[in-house]
Amino acid sequence: MGTAMRLLARHQTPLLLILLLGLIAVLGLLGGDSVQVTLTEMFIRVVVVVGLFVFIGNSGIISFGQVGFMCIGAYAAAWATAEPSFKQIMLQGLPVVLQENQLPFWVAILGAVLLPALVAFGLGLAIMRLSGTAASIATFAFLIIVNSVYANWDSVTAGVSSIVGIPTVVGPWTAYGFSGLAILAAYGFQVSRVGLMLRASRDDEVAARACAVKVVRMRLIAFVLSAAITGMGGGLYAQFLGILTVDPFYLSLSFITIAMLVVGGQASLTGAVTGVVAVTAVVEVLRLLERGITLGGTALALPAGSQEIGLGLVMALILIFRPNGLSRGRELVLPSRRFGFAAPARISPRPKAAS
Amino acid sequence: MAPLLSVENIQVRYGDLVALRGVSLSVAEGEVVCIIGPNGAGKSTTMAAIAGGVVPHAGDIRLNGASIRGERPERIARLGVSLVPEGRHVFGTLTVDENLAVGGQLRGDRAAARADRERILSLLPRLGERLNSPAGRLSGGEQQMLAVARAVMTRPRLLLVDEPSLGLAPKIIDQIYEILLDLRRQASLTLLINEQSSTRILKHADRISVLRGGRIQLEGRAADLKDGEAIRQAYFGFGERAAQPAEASA
Amino acid sequence: MIPFLQNLVDAVSLGSIYALVALGIGLLFGILRLINFAHGDFITVGAYALIVPSADVTARLLIGGWPWPVMIPTICLIVIVAALLTDALVFRPLRRASSPTLMIASFAVSYIIQNGVLMAYGARPKAVDLWSGANSQILIGELRVPMLQLVTLVVTLVLMGGLTLFLKKTPYGIQMRAAAEDFRMAQYLGVRGNLVIGLAFAISGILAGVVSLLTTTQSGSLSHTMGVPLALFAFVAVVVGGMGSLVGAVVGGFTIGLIVTMLQAYLPPDLRAFRDAFAFVILVLLVRPSGLVPARSTIERV
């Protein structure tokens, strides 16, 4: 068995996760158009939730604001690729270069990564020195600010009306590719020195307090990376829908993405990915039930809103009965000993028992 | 008759860390029992387990023969066990008087609680002078006295005192012990005291247990252990006991 | 001078609302280390309890039509019950959970309540006229003060005074303060943890109920997300005030009322849409790690 094999075994988690998602994508090929749409959306959410995980999972601080970065990323992408004719009429506040040109997809994604990262850097400088709870509230305030600014800054965001004419280039396979990229980036971070130290600080508050300056810096790095990945998710979302408004990037989406992370288990990358898959499945089933099914001649349908309430209940139940989520805070590894003595990189200390 | 308190082979784990590996001890009505042991021996954990702050994974704790294992701390307090924790934990923003009131609240009989308050304050005139100042402004010794007074206000049958001398000057420690013994005589208290060193406690205690590494290493009547050699051996793990290798934590 | 004073009156009245909300949130945070996202939704529940449950566009008053000496306690009672229910169903099973876990759980509760209201009452905002005399104005010198603002201020002062008396003078109040400072130690002294927490939920329920009446009278409309902005500003008030200090929460609430009102009055018109954004930026800059009024007792966990 060569070094390559051992390396592969050591870092099997992200590969297994990508494989798992690939399997789902292949199965999805059998479904119709609506399945394709659901799948694409799911993969984009994998990107977003993995982005969320990079900050929340590694630092232990809840951020309600990452959806704000998604919004910033989505608009950045739209600015790059929306129809010039539309931009010249509706978005006259944009720089002329953007107004007059329709830039390629990769530029859009680049913008969707860089702009949120930049904003996160500035915001992070201001709030990462706060205590965990205060920082969480500040991220919540940030979400409201983003929403308020993007809903009112008519000359660059078209205000409450929508931006149209964004090329819909993102399908299930593109989204899948990017979700793989996000998983690799997140994994790379959590096994990096900064990631390991940050996780150690999450689990040991005494140590965290002892080197406060370092912790603030490490949190900032995680926050920026998280914003970049989440922003990328936003960019993909814009290029998937083709039409963009501010509304979706608000409390509901913030709740759903956090619910995904919590259901899967916020302490592990595996949790982030499985959470998206599991919650998507639950939501789809509830949506189906809301539309109604016929059982032996009688039509049964849940009232509208059951989907949301159901998701809320699922999350509350998970918190109460399985606080470390479906993954129990562990990473996915193959059970067999085929890979020999190379143990997978141990990145997560066992979840602590409540004491 | 069952002893007032009996701790039967309790084990406590914090995650992967084993704090107590089977601790047993008993305290009879009216006794003064002292647990001595080095830092990290499990003394505070033992007391927290008795007071309901941590639930042992195995073993049992009985008060007058009835199990109190797994009961909530407030219930155990109402059964007559009061804890003066290590580090005192007075309510710093509450006044001295309010701290005492929190201790007195579980008593049904208001008049008796008031009488106790007067009696305690007569023993501790320094607290009486500072009734209306926030407890956080008291000196360390005064805070320790307040913590004791507050615990006594619950009118316990068993008072658990965790390292009363920690961080205090010798003169103050003597005063604290004087007060504890005074209170014991007046309120017919039973005392279980944790200490790191046996020097002071030997003359006050009826019985002594030495705790190290989450196990009781030695147990005996204080009178029999006067010369201190056995205690030293148990405390530091010299001699034959040290030959037993410490078990690695799981 | 007069316009400025007029603005100041507005600021104080808006600030009182934020202060009341912040008190409710601060109280629970002090004892449970819970930032209760659902507090805003308690306010929503109180407001919707005023009308007949239906998805119709026009709202018909139910409890809102009762004489106010009956209506006010009933609304408060309903909100108290809602608050105690969330405690019993969600937060009690999570007593040993960490602060972030509690926060997420309250986020879930908030989501459930909002969508429950949506399910029962429909998505459209509803117009409600609770007290038509609310906008009659009283002249104080040259100042015109709307009746409602005066009532708001008086109610706020009464509630704050009452809460202060309760916390300082009654045995339960003293136990609550003790529990807020050191919950475990209070339990070791026999203070019943669940009782104290229940009391805190009940008091925050009363505060939320009163706020729902005040804001509904003020705005004349209901929506299933009406509590969210109130709660958000109040969270920030709690943080600005130093987390864990009730005085700080009140100061924070009034500070926010002042900032928001003054921005509304003095920002150039085309920037007014960004009022809240500016307010938050100012507040984030205001926040020091320990807040305006650092709590002496609470050292917040990292």
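Just so it is clear, A, B and C label the chains in written order, and each chain counts residues from 1 on its own.
What we mean here is this: a residue touches a chain if its C-beta (ideal position, glycine included) is under 8 Å from a C-beta of that chain, and two chains touch if they have at least 3 such contacts.
Worth saying up front: this structure is predicted, and the values here are computed from it rather than measured.
For chain pairs A-C and B-C, the one joined by more C-beta pairs in contact is A-C. Comparing each chain's Cα centroid with the centroid of every protein Cα atom identifies chain C as the most central. Once the centre of each chain is set as its mean CA position, subunit A and subunit B turn out to be 51 Å apart.
Centre-to-centre separation between subunit A and subunit C, using Cα means, comes to 31 Å. Once the centre of each chain is set as its mean CA position, subunit B and subunit C turn out to be 43 Å apart.
Residues of subunit A found to touch two or more other chains are 355. In subunit C, no position touches at least two other chains. Interface residues of subunit C, counted against subunit A in their complex, comprise 29, 33, 35, 90, 93-94, 96-97, 99-101, 103-105, 107-109, 111-112, 115-116, 118-119, 225, 228-229, 232, 235-236, 238-239, 243, 273-274, 276-277, 280-281, 283-285, 287, 289, 300-302. Taken in their complex, subunit A has these residues touching subunit C: 60-62, 64, 126-127, 129-134, 136-138, 140-142, 144-145, 148-149, 152-153, 205, 208-209, 215, 251-252, 255, 258-259, 262, 303-306, 308-309, 311-313, 315-316, 319-320, 323, 354-355.
Residues 171, 174-175, 177-178, 181-182, 184-193, 296-297 of subunit C are the ones touching subunit B in the complex.
On the subunit B side of its complex with subunit C, the touching residues are 51-53, 72-74, 77-78, 82-83, 85, 89, 91-94, 98-99, 101-103, 105-106, 136, 150-151, 154.
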